[in-house]
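First up is the structure itself, then whatever we jot down about it.
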Amino acid sequence: MASQHRRSRLVPRIIALATGIAAVAALTACSGGGGDAGNSQYGFDAAAQDAKAPITVWVDSSREPIANAFKAANPDITVNVETYDGNSGGSDSFKTKVALFDQSGSGWPDVVFSTQQNDTSWASKSNNGGQPFAAVLNKGLLSDDFLTGFTKGANDPMTVDGNVYGVRNDLAPVVYWYNDTLMKQFGYDVPKTWEDYQALSDKVAAEHPGYILGSVGDSFQGPYIYYWGAQAPIFQVDGDTFTSNFSDPNAEKATKLIDHMLANKTLVNDSVFGADFVQKYSDKVLGMPGPAWYSGALFQNKDSLNAPAGSWGAADPLSWSGSDKVTGAVGGGVWYGSSHSTNLAAVAKFLEFVTSSDDAVKLASGLPAYQSAADTWLTEQASSGYYVGDFKSAITTAASSVWNGWGYPSFSAETAYASIIVPGISAGKTQADLVPQLQKEYDNQAQVQGYTVK
Amino acid sequence: MPRHPPRAKETLITISLTAPAAAAASPEAGRRREPRSSARRRPDRSQTRIGYIFVSGYTVLLLAFGILPTLYAVYLSFTKDGSFAGVDNFVKVFGDYRFLPAVAHVAVYLVFYLASLLVFVVLLALLVHGLGRRWLSTSYRFVFYIPGALAGASSVMLWLFLLDPTVSPVAFILRGFGFDNFVQTVSVDNLPIIFTVIAFWTGAGGWIVIMYGALNNISGDVLEAARIDGAGPVKTAIHIQIPLMRKWISYMAVMSLAAGTQLFVEPRVLSQASKGVVPPDYSINQLAYLYAFRQGDFNGSAAISLLLLLVAGALSAIFVFRGGLFERD
Amino acid sequence: MSATSIDARAGRRARVAISPSRWVSRALVTVVLIFFVLFFVVPIVWLVLAPTKTPRQLLLDGPFSFGAFDTLASNWNELMQFQNGIVWTWIGNSVLYTGVALVVTLLVTIPAGYALALTEFRLRKALLVITLIVMLIPSTALVLPIFLEMSAIKLVGNPLAVILPFSFFPFGVYLTYIYFSTSISKDLLDAARIDGAGEWRVFARVAMPLATPVIALVGFFNLVGNWNNYFLPFVMAPGRKSPIQVGLAELLSNVPLFNPTSGASITISLPVLALATLVSVGPVLVIFLFSQRFLVTGMTAGGTKE
C-alpha cells in the first residue's frame, strides 16, 4: 500500500518537474536575447553588431526594385528582400507583425518600408516592456550632413522629442493632373479652384458624358486628396486630443463637391489600381487631382494608364477660391531601421541608398524626399518633355503648400473610410449620408487608441 | 448495438459514427463485466502504475494546453499590469463600441449557418441514403466530402476568386444578384451569407457522412414496418428516421454552434483581400486579436477569449451531461 | 426511401408500381443532388484547372477549359521562385510541424486511450469526463489563451510552441478509448496477465497488434486538422517560420487584384495564386483521395444492411 501511495504521487511530481524544466529552458532562452552591455554609440541600446550579418528588408511591391538595386550595387552585403502589403490602407500589418516578433524575442526585420507616416507613434515607444522597434537615426547612425539633405519638413512626422525615427522616401503633395490633349480637344481650361473643377464637371457631363475627372474608389483619395486639399478639419490631433468635424464649412463644401460629381458621373467609385479602371477609363480621364507619385504609378506605367508622352501635364493644386492655397498629401512612405538589428552599418548604407542615390532617382515613381534627388528628378522629368507645361513649378508649389493642419494619430484615416464610405457609395448612398457615420467611427477609433475625443 | 462481438474493421466504423452512443455502451459494458471478474481481479498496483504512466504524457499536454491556458486567461482577465482589477477588463470590453456589433455579426452568421446545416445536411443524407445503388451513394458522399480537405485559409482563398464577379466562374450568379464588383459582393450585409456558404461548403460533407452512418444504424425492420403501414418516403423520414437521428443532429448542432462562435479565418482573410472593406473587427475573435496585437492590451484580449471559451465550454458540458451521450437508446 | 429499395429488390411489384408521382419525386431528388454536386465540385475543378491557364485565359475562357502544360510549368516556376522559394520554406515548416506533432500525438494518445479503457486508477473517470468536455471545445477558442501563456514563458516563435499544442488531441484519446474498450475485453488481458506477462507486455502483445485501425484514424484526423490549422501558427510562428496556410494569406499582398499597388516588379498573378492554394492543400487532398475507401465507404457498414 505504501508503494502505491508513493507511485500515485509520482504523476504530480512528473508534472512539476516538467514544468520546472520548461521554466528553466525559458529563462535561459530569455537571457540569450538580452544582448550585451548597452551599445550606446547610436543613442539607443543596440544589439551586438556583426558587420557580416545578413539584413532582412521588408518592402511593398513598389519598393522592391530599389531594394534589389541596392542588392546589386552591394554584393558584399547579404540582403533578404521580403514583400508585404506595405501597411497600405492603414492595415497595421507592420505593427501587428512587429508585435508578434516582440513576443517571440527574435526575428525582426532590419529595415521596413511603410506607406503610412504615423507609425512613429507606436514604433518609438516600448510595447509591453520591450525595446522600441524603431532605431534612432540621428544620434550616430546617419550623419547630420545626410539628414539635413532632406527637404524641409519631410522628416517631421517621424521626429519625436528631437529623435528622428525614420527617413522619408518621397513626398506626395497633391497636384492637379490634366490630360492636355483632351482638354485642348474639347476646348476646356485647366481649373484652378475647386469651384472651377465643379463647373468643369458640369460641362463635361453635359457635353462629353463618359469622360471622368477623378476617382474616390480608393480609401486614400477621399480623405487625403479631397478633404485635406479642401482644408477640412476632419482628422486633427493636438497632443492627446483628437477632433473630427465634418460640419465645418470646408468639410461640408468638400462633401457637396464629391456628391455633385458622383451624381453627374464625372467622379467614379472604381479603384485607380483595379483592372476595371484601366479597361473602362484608360482614354477617358480628362484630369484628376492626385499625388505626385501618380506619375510613375499611373501615367508612366504600362500596366496602367500608360499615357503617351506629351499628353499629360501637372498644374498647381486646387483650392477654394479666396482661401489659402493649400493642398493635401497622399503618403510619402517612410523607411525605418530596427533597433534590434545586428548590422546597423548595413542598415545605414541601405537607408542612404534608397533615399538619395542615383538609382533612387531613376526608380522614383514620385517626388523624392531627399532634396538633391528631388531636384534631379524634377529636372529629368522636365527635360524629358514627358509632361507638358511647367511640371517642376507645379510640383514644387504643391510640395511647399501642403496644409499642416492634418493630424498623424496612431491610426489611419483610411481604415474607416474603406469600411464605411467606399462600400456605401458602391451601394448607392451619398457622401452626405455617410459622413456622420464616418465621423463617429473616427471618434471611436481615437478613443480606443487612447485619445481624448473633442 | 451490434449483437455479435465486433471485429476490428467494424469497430473502426462503429467508432467514427457511434462514438457518442458507444460512450454509453462501454462504461456500462465494463460495469457489466466487472461483477464477474471482480472476484478474480482487484485494482492492482502494476495496473494502476501503468495506467498513470500511460496517461502521463497526455495529462501533461492537457494541463499545459488545456487547463493552464484557461487558468492563465482567467488570471489575465481579472488583473491589469499584475494587480487585481476586478471586472474592469470586462467592463471595458463590453463597452467597446465594436463589441456588440461583433456579437451581432456572429449571431446572425450562426443563425444562417445552423439553419443551413440542419436543413441541407439532413436532407442530403436522407436523399443519398435512399439511393438504390451503392456505388452511386458512395460517389455522392465522396464528392460532398472532398471540399473538407480545404479547411482553413485555403478555402477562403478559393472563394475569393469565386466571389469576385470579374474573375469568378459563376459570375453570372453574382451579377444576377446585382453585384458588379468585389466590393459589392462583400458588403457587410452579405457577409453572414458568404461566411455560411464558405463554412457549409467545407464542413457539410463530413456531417453528411456521419448522418449517413447514423441512418444506417436504423434497423431495417423498423423501416419495413413503416412501409407496410403505408408510409411513403417523406413520412418515413419525418416520423421515423429524423427522430431516431436526433442525437446526432443535436451533436452536429452543438459542435457547429461552438465552432461558429470562434469565427476568425474567414473574416480575417477577406478583410485583407478587400483592403478593409470587410472590417478588421467583424468577429469577436478578430476583436480579441486586435486587442492583443494592435492595442497591446493582453488583459482585454484575455477577457474576450475567456468569454468565448466559456460559451464553448458551456455548450460542450451541456451536451456531455445532458445531450444523450450517457443515455440508452 | 429505404422502402423503395426494398421494393426494388422485391422485383416484379416494383416495376408495376412506378407511377408518375414516383417519377416526379425521383427527378426532383436527382435535381437536388445534382445541384449540390455542382456546388461542391465546380470550385474544386476550377481550382485544379486554373493553374494551367494564363491570366487572360482565366478571365475569358470557361471554367472547365484546360490551358496548357507549358503554362502550368511557368506558373509553377513563378510560384517557386517567388521571394527565393519561400513557398518551399513554408511547406517545409508545415511538414515539420505536422509530422513531428503526428509522432508525438500517437505516442501520447494511444497509450492514454488504452489506459482509460482498460486499466483502473483513481483519476480515470475524471480524466475521461474532462477529455470529453475539452474535446468538444473548438481549438480556436484556446489559441489566444495558449498564446498568452506561451508569451509569458517566452516560447513564441519556437517550433515547439506549435508542435506541442498540435499534439494535444483529446478527440484522439477519446477515439482510442472507445476503440479499445469495445474491441478488447478485459478477460483477454487478464488471461495474458495470468500467463505471467507484465503490463507493458500485455499492452505490446495484446493491444498493439489490434490497434492499427485506430492508429490510422487518429493519425488521419490529427494530420488533417493540424495541416489546415490557421489561427494557432498565425500567432505562434511568424515570418519565415509560418506554415503554408499562413504563408498563403501573406501572398495576397502581392496579388494586384486584391492589393493593387503600382510599379510592382514581382506580382502574383491569379493562376499562380490558385496554384499556391492547390499546393497548400495538396498533401491533405492526396490523403483524402487515398483514404476514400476506409473513410466514406467503410462508414456504411456496422449497421443492419447485411
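Think of it as A, B and C in the order they're written, each chain with its own count starting at 1.
Quick note on the criterion: a contact is a pair of C-beta atoms (placed from the backbone, for glycine too) under 8 Å apart; a residue touches a chain by one contact, two chains touch by 3 or more.
Quick caveat, the model's predicted, so the values are computed rather than measured.
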Other chains in touch with both chain A and chain B: C
Winner on C-beta contact pairs when A-C is weighed against B-C: B-C
Distance between the centres, which are taken as Cα means, of chain C and chain A, whole angstrom: 40
Whole-Å gap separating chain B and chain C, where each centre is the average of the chain's CA atoms: 14
Chain A: positions in contact with at least two other chains: 8, 85, 88, 100, 275
Contacts with 2+ other chains: residues of chain B: 48-49, 52, 59, 64, 166, 272, 275, 292, 298
Chain C, residues touching no fewer than two other chains: 121-122, 147, 151, 235, 252-253, 257, 259
Residues of chain C that touch chain B when the two form their complex: 1-8, 25, 29, 32-33, 36-37, 39-44, 46-47, 50, 58-59, 62-63, 107-109, 111-112, 114-117, 119-122, 124, 127, 129-138, 140-142, 144-149, 151-152, 164-165, 167-168, 170, 173-175, 177-179, 181-183, 185-187, 190, 198-200, 203, 210, 212-214, 217, 224, 228-231, 235, 245-246, 248-249, 252-253, 257-259, 270, 273-274, 276-277, 280-281, 284-285, 287-288, 292, 294-305
Chain C - residues contacting chain A, complex: 83-84, 86, 121-122, 147, 151, 153-158, 235, 238-241, 250, 252-254, 256-257, 259-267
Contact footprint of chain A on chain B as seen in their complex: 45, 48-49, 52, 56, 59-60, 63-64, 96-98, 166, 181, 183-184, 187-188, 272, 275-280, 292-296, 298
Residue ranges of chain A touching chain C (in the complex, touch as defined): 8, 22-23, 26, 29-30, 60-62, 64-65, 68, 80-86, 88, 93, 97, 100-101, 103-107, 271, 273-275, 293, 296-298, 301, 304, 365
Complex contact set, residues of chain A against chain B: 3-4, 7-8, 10-11, 14-15, 18-19, 85, 88-92, 95-96, 99-100, 127-128, 219, 270, 275-276, 414-415, 418-419, 422-423, 426-427, 444, 447-449
